[in-house]
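Given below, in the form of structure tokens, are the structures.
Two complexes, one shared chain (chain A), two partners (chain B, chain C).
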Partner chain A sequence: MSDIYATLQEIVGKDYVSNQAEERYFYGRDPGLMPPHEPDYVVMPRTTEEVQEIIRLANKEKVAVVPKGAGLSLTGLVIPQIGGIVMDMKRMEGIEVNEAGRYVIVEGGVTHAALKSHLQKNYPHLRHSIPDSPPIATIVANAVIHGQGRLTQQRGFNSDMVSGLEVVLPTGEVCRIGSCAVSSYWFSKGPPMPDLSGLFLGWFGTTGVITRLGMKLYPCKKMRDVMLYITDRAELIPDIIRKLSHTEMMEDIVVSCAPLPLRFKGVFNMLVYITGDSEEELEFKRKMAWDALREYFESRDGGFMGVSPYMKPSLLAMPSKDTTRFADVSKGGGFEYSGPIAPIEKYPQYVKKLEELASKYNLFYSSAARVIDGGHSMMFSFSYTFNRADPDTMNRAKTALDEAAEFALDEGGVIWKPNLNEQRMVMERMDPNTLKLLGKIKQLLDPNGIMNPGNWEAK
Partner chain B sequence: MTQDYASQIHRCFRCGYCKFPTDYSSLNCPSFRRFRFDSYSTGGRLWLIYAWLRNEIDWSEHLAEILYACTTCKNCVEQCPMKFSTDIVDWIVGARSDMVEKGRIPPQVARFFEAVHGYGNPLKLLRSDRAAWADGTKKYEPGDEYLFYVGCLGSYDENGQKMARSLADVLSAAGVSFGILGNEEECCGNEVYMLGEMGLFQTLAEKNNQQFKELSVTNIVTLSPHAYNVMKNNYHQFGADFAEYHYTVYHYTQLLYGLIKENKIRLSNNKAKVTYQDPCFLGRYNQIYDEPRQILQSIPGIELVEMERNRENSFCCGGGSGNFVMDLLAGGKDSPSRARVREAHDTGAEVLAVACPSCLTMFTDAIKAEDLDDKLVVKGISQIVKESLSSK
Partner chain C sequence: MLELKFDKTKCADCKAVSCLVKCQYMHFDRDTARTEWQKVVNGEDSQVLHDCATCYSCEEYCPFGNHPFYLIVERQEEKGILPAPRPITTMWINQCQPIGRFTVGKVEEKAMSFCFLPQFGILAGGKLFEDIAWSSIFGQEFFCNAVYLHFARMSVIRDRLPKVIENIAKQGIKELVCLHDECYGTFTSLAPAYGIELPFKPVHYYEHLYDKLKELKDEIQPLNVKVAYFRNCSARLIPETDHFVDDIFGLIGVDRVQREYDHENALCCAELIRVSKGPEMADDVQKRNLDDMLKAGAEYCVFNCPGCWDSMVEKVVKTGIKPIHMIDLCKLAIGEEQALTPPEPALEV
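Then we have the complex of A and B:
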């Protein structure tokens, strides 16, 4: 038994460490297309102090540490590129709500499922921004990758809703970020002070381990509804989004397209979500949406379509199981997407490229574009399925995604949760001084280079 | 069996929906709840089986333990959003079957098979003692309306015997024409099937079918949901010799509720706050959720309160797939049975009602381990009904 293994057992208890082939296999890959690489150890700490001890051990032994949520980024962000320790955070599952302050403090392993259930049970008038990823996705990991959710159209990235952090730095110190650094309240991640949360959000665990995170909560209205607007003209989508977001009344706006079922081929489905505390409020918002798009209704370029009672529960579900089902539409168990954050005006070009690449590489595709922060940008997914048992489809999907990423960057987008190759593409295009700053920050915080090596390495 | 799952198992995306109940209020996969490594979730298990099939990992005792720690509770089937969801348990059973054929199984599983093969029960107790609980209960004869199939736990386990005795007494009180097989009764084979020993299972199924046929059995009432499930859903696979022979299987809660409705069982006041555990093989496997509750609600004085996870979202006791004997999920507060009795206690109930002898034995131990002896008692529904029988 190695000293590292024995020490990890001492830190977290023998039930929560493994160096066995089965755990190393599973934690060495994710459901996407990035090549696997196995860790030497998997460890599940329960407390911030245990995280500190593990980090100190890793520094002493010069062993890599990869903090992991549910591992659902699909882009290999928690595949340990040089082995070492995967730190599975799921045993850190404390939830503390400040009802008056409308925020929650969650420990590093709390899932969206757990928070959703906790709020529904105890604070039904409050909600958080639930992403479309499966419910096992964690709040912290989703914020660390700048994830989006049902409130992103109104409130920005889920990371914009962070209201404070507790971080174990790569050198082992515990550090509080935001108002919680000077107060017992977690209402702000920075302002009115320098916003240091940017040293950790978006870094994929390369600058520390977030052990607690404050997340803003928002009013949970009594009613929700979804409207379906369809058009077959991609070039109109940016203006339609502009008109809808101008109302400032939509909870969420998502535009999707896919070649199947055939009745939807060539059609863009815009899901427009509204909420209200009364039927009158909902009806008013429906009317505002109708009025906003009257021009296109009259020109017969699009219109609202009735949503059947059969479809509605699935469209209103949070999270949406339909997103996950896409993985098996070709009965292959796999899909991945390149998801640039991009100017909304580029929607038509992106759709054209999505279809071109699908045709070129003979892949099944779909796309969902979510409006971010009132219409300042969108997340556009180039999604392709692959068959996990067929290396050829996997290679074709990988090549298509690489081309999609290059295209998206050339067209003014920035890749969301980029894989290693996409990170390289981003850094090659980055302002040289910004890139240097990235490197300086990383070196300063993680002098031994132990944190999730390979990611955001500014050479 | 291999081809059935080997060509499909790569389709699991490991999304993790299988870990939850519908409302995401807790972790509902017993082995994942217990061990917390993703390898012990359904997705982990399927990915590891696929890796094993592709020779990406070698067989190990740890791999086999991961595979056999699944209680086949079917929560994953209930929650998986994919079209293949209904096949998941079959895939796991298929992989187990391959391990059995290769002789690569955990020692506890091997001992389970040896005991069933040698003794006709997994507890390794004497065949001649199988009917020791019966105390004069008559043997089945052609013409009796029901064969009471008692099962291994009902025959040998101290708690199971109480359940069996109570049911026999209630049936007698209701004037039901029934009999048992006594020492001639054979293991039902549900666990043997779930653990993947298809040869042994076939032998058991054929033996039982043969015996039922020889006795002209037309209706079987089972104490255990496990026996109910396997006789109803799996025995027909080995029915070539029984093409013209049919029988109907009931779980005892179905029969008792019918008798209550027909006023053949009269119930008197039994004041208690009761919560009910849906057994996996009654609920998720066979969608029998209402009858056990209706029985309890028929008893004057009983207040039925639900645990947070109930019906199709019920949390398994941890005893499925032979774990009521092997207990691969034992150890500490995270074992499913201990987590579940805490949940039962949280309802404020003083009685945890069960319809399965496996649940009964798992929870009886868990209540002791949780030091809840003076706060919560676990009882079979047959026991509760017997206590409530009206003397009028």
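Then we have the complex of A and C:
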């Protein structure tokens, strides 16, 4: 038995560490297209102190550490590129709500499902921004990759809703970030002080392990409804989004397109979500949405469709099960998307490219674009499905996604949760001084380069 | 090419112009109606082509069976007038495209058509269907396509209907009980209007229900309830079936309340009005209909068409009136349970 393994057992207890082939196999891959690479150890800490000890051990032994939530970001961000330790955060599942302050402090492994049910049971008038990833996705990791959820149209990226952090730095110190650094309240991740949360959010675990995170909660209205708007003109979509977001009344706006099922063919479906405390409030918002788009109704370029009340539960579900269903459309469980964060005005160009690449590489495609922060940008997904048992489709999907990423960057977007190759593309285009700053920060925080090596390596 | 059997002279001689004068959604005095209708007949542009709510009612109002509504749809298409937004039209055309994906049961010479409406799979069970339940067809291949009347796409109907009829015939079906009365309307009104012959006999499901209820007479417990009957657009293609509503209600002890918006004066579910004319008109039509049911003291609202059910069910529930499909109402009378129930409120928060 190696010293590292024995020490890990001492830190977390023997049930929560493994170097067995089964675990190494499982923790060496994710559901996306990046090649697998196995870790040497998998460890599941329960406390911040245990995380600290593991990090200290890793520094001493110069082994890599990769924090992992549910491993669902799809772009290989939790694949240990040089082996080492995968730190599975799932045992850190504490939830503490400050009802009056409308925020929650979650430990590093709390899932969206766990928080959702905790709030529904104990604080039904509060909610958080739920992404459409499968429910086991973790809140911390989702913020770490700047995820987006149901409240993103109104409130920005899920990481914009963070209200404080507790981080174990790569050198082992525990640091509090935001108001919680000076107060017992977790109401702000930075302001009115320098906002240091930016040293950790978006870094894919390369600058430390977040052990606790404050997340803002928002009023949970008594009712929700969904409207379905259809147009067949991609070039109108930016203006339609502008008009809808101008009302400042929509909870969420998601535009999708796919060649199948047949009702999707040749049209763009926009799901427009609204909330209210009364039927009158909902009705008013429905009317605002109709009025906003009257011009296109009259020109016959678009219109609202009736939504069967039997379809609504699945459309209103959080997370939406449809994305996950789509993920297995080719059977064999392969699905990955390149999701640039992009100017909304580029929607038509992106759609054209999505279809072009699908036909060039003979792939089934879909796209869902979520409006971010009242219409300042969108997440546009180039999604392709593949069968894991068929290396040829996997290759084609990978090439298509690489081209999509290249294209997205050329067209003014920035790649969201980029894989290693895409990180390279982003860094190649980055302002050189910014890139240098990135490197300096990383070097300063992680002098031994142990944290999730390979990612954001500014050479 | 299939052509509408339309006789100009009948309209030229018509004094009443009931097709337009009786219209619930466009308001014409007789003279304007005559002028506007002649424009339609002559292939000129007319306000009618733009304002038509596509409720099908003029098919019933015309005393000569001259198919005024089918003519309106033809003219709208000729002129490129879109009653509904173009993408919604496209969506409808695509989603019901026959693509060889359908379901057939153990089909016999007498069979049931569920059209392309899954609700009928829920409804068509129990004693009322005990001798036919397995003999059913469902899917795009058997979809009657009449819905395109709402979208000025007679061309799609002309193109697809003969194939649909052929698909049904290929199953060896001689007698087809149509659970969607739009199918029955398609086979007995639309098809003959275009000279399409049927190699099978369509039977309206009301007739089937009526016959079965007579067989099960001893098991009927009169319901003794007051109901508002919700007439749907396709009922206008087949007014001759309306008497079955009263016949069935008579057998199961149901009182069809007297109200303003029933029979010839019925209002449609307005969901396609919402799509094509906007929410103001649709809300108004639906509200008037619901207020009328309440005023007449209805305890139940009885639906024929699953499309109307979907668009109205939640609104009916809100009034305190109980929504029920005709098949389920008959089931209640023989001690069975309502199968198609209102949806749970979708409030996922």
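As a working rule, the second predicted complex is superposed on the first by the 459 of 459 C-alpha atoms of A that agree within 3 Å, B and C clash if a C-alpha of one lies under 4 Å from a C-alpha of the other, contacts with A are read in each partner's own complex, and residues count from 1 in each chain.
Note that a contact is a pair of C-beta atoms (placed from the backbone, for glycine too) under 8 Å apart; a residue touches a chain by one contact, two chains touch by 3 or more.
Nothing here was measured: the structure is a model prediction, and the numbers come from that model.
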Fit or clash between chain C and chain B when superposed on chain A: fit
First, second, both or neither for A:Lys265, with chain B first and chain C second: second
Touched partner set for A:Thr231, first chain B, second chain C, both or neither: second
Touching partner for A:Pro418 - first (chain B), second (chain C), both, neither: neither
Chain B versus chain C as contact partner of A:Lys287, first or second or both or neither: second
Touching partner for A:Ala389 - first (chain B), second (chain C), both, neither: first
Chain A as apex of chain B and chain C, Cα-centre angle in degrees (nearest 10): 70
First (chain B), second (chain C), both or neither touched by A:Lys321: first
Partner chain(s) touched by A:Asp301 [first = chain B, second = chain C, both, neither]: second
Partner chain(s) touched by A:Cys220 [first = chain B, second = chain C, both, neither]: second
Shortest CA-CA distance in Å separating chain B from chain C in the superposed model: 11
Common interface positions of chain A, toward chain B and toward chain C: 120
For the chain B and chain A complex, residues of the former touching the latter: 7, 10-17, 19-20, 23-26, 35-39, 44, 47-48, 51, 56-58, 60, 62-63, 66, 81-84, 331-332
In the complex with chain C, residue positions of chain A that touch it: 120, 124, 127, 220-225, 230-233, 261-263, 265-268, 275, 286-287, 290, 294, 296-297, 300-306, 308-310, 312-313, 315-318
Complex interface listing, chain A residues touching chain B: 15-16, 18, 20-23, 25-27, 31, 42, 44, 70-72, 88, 90-91, 111, 113-114, 116-117, 120-121, 134-136, 321, 324-325, 327-328, 331-335, 387-389
Footprint of chain A on chain C - complex, ascending: 82, 84-88, 90-91, 94-95, 97, 99, 271, 274-275, 278-279, 310-311, 313-314, 342-344, 346-349
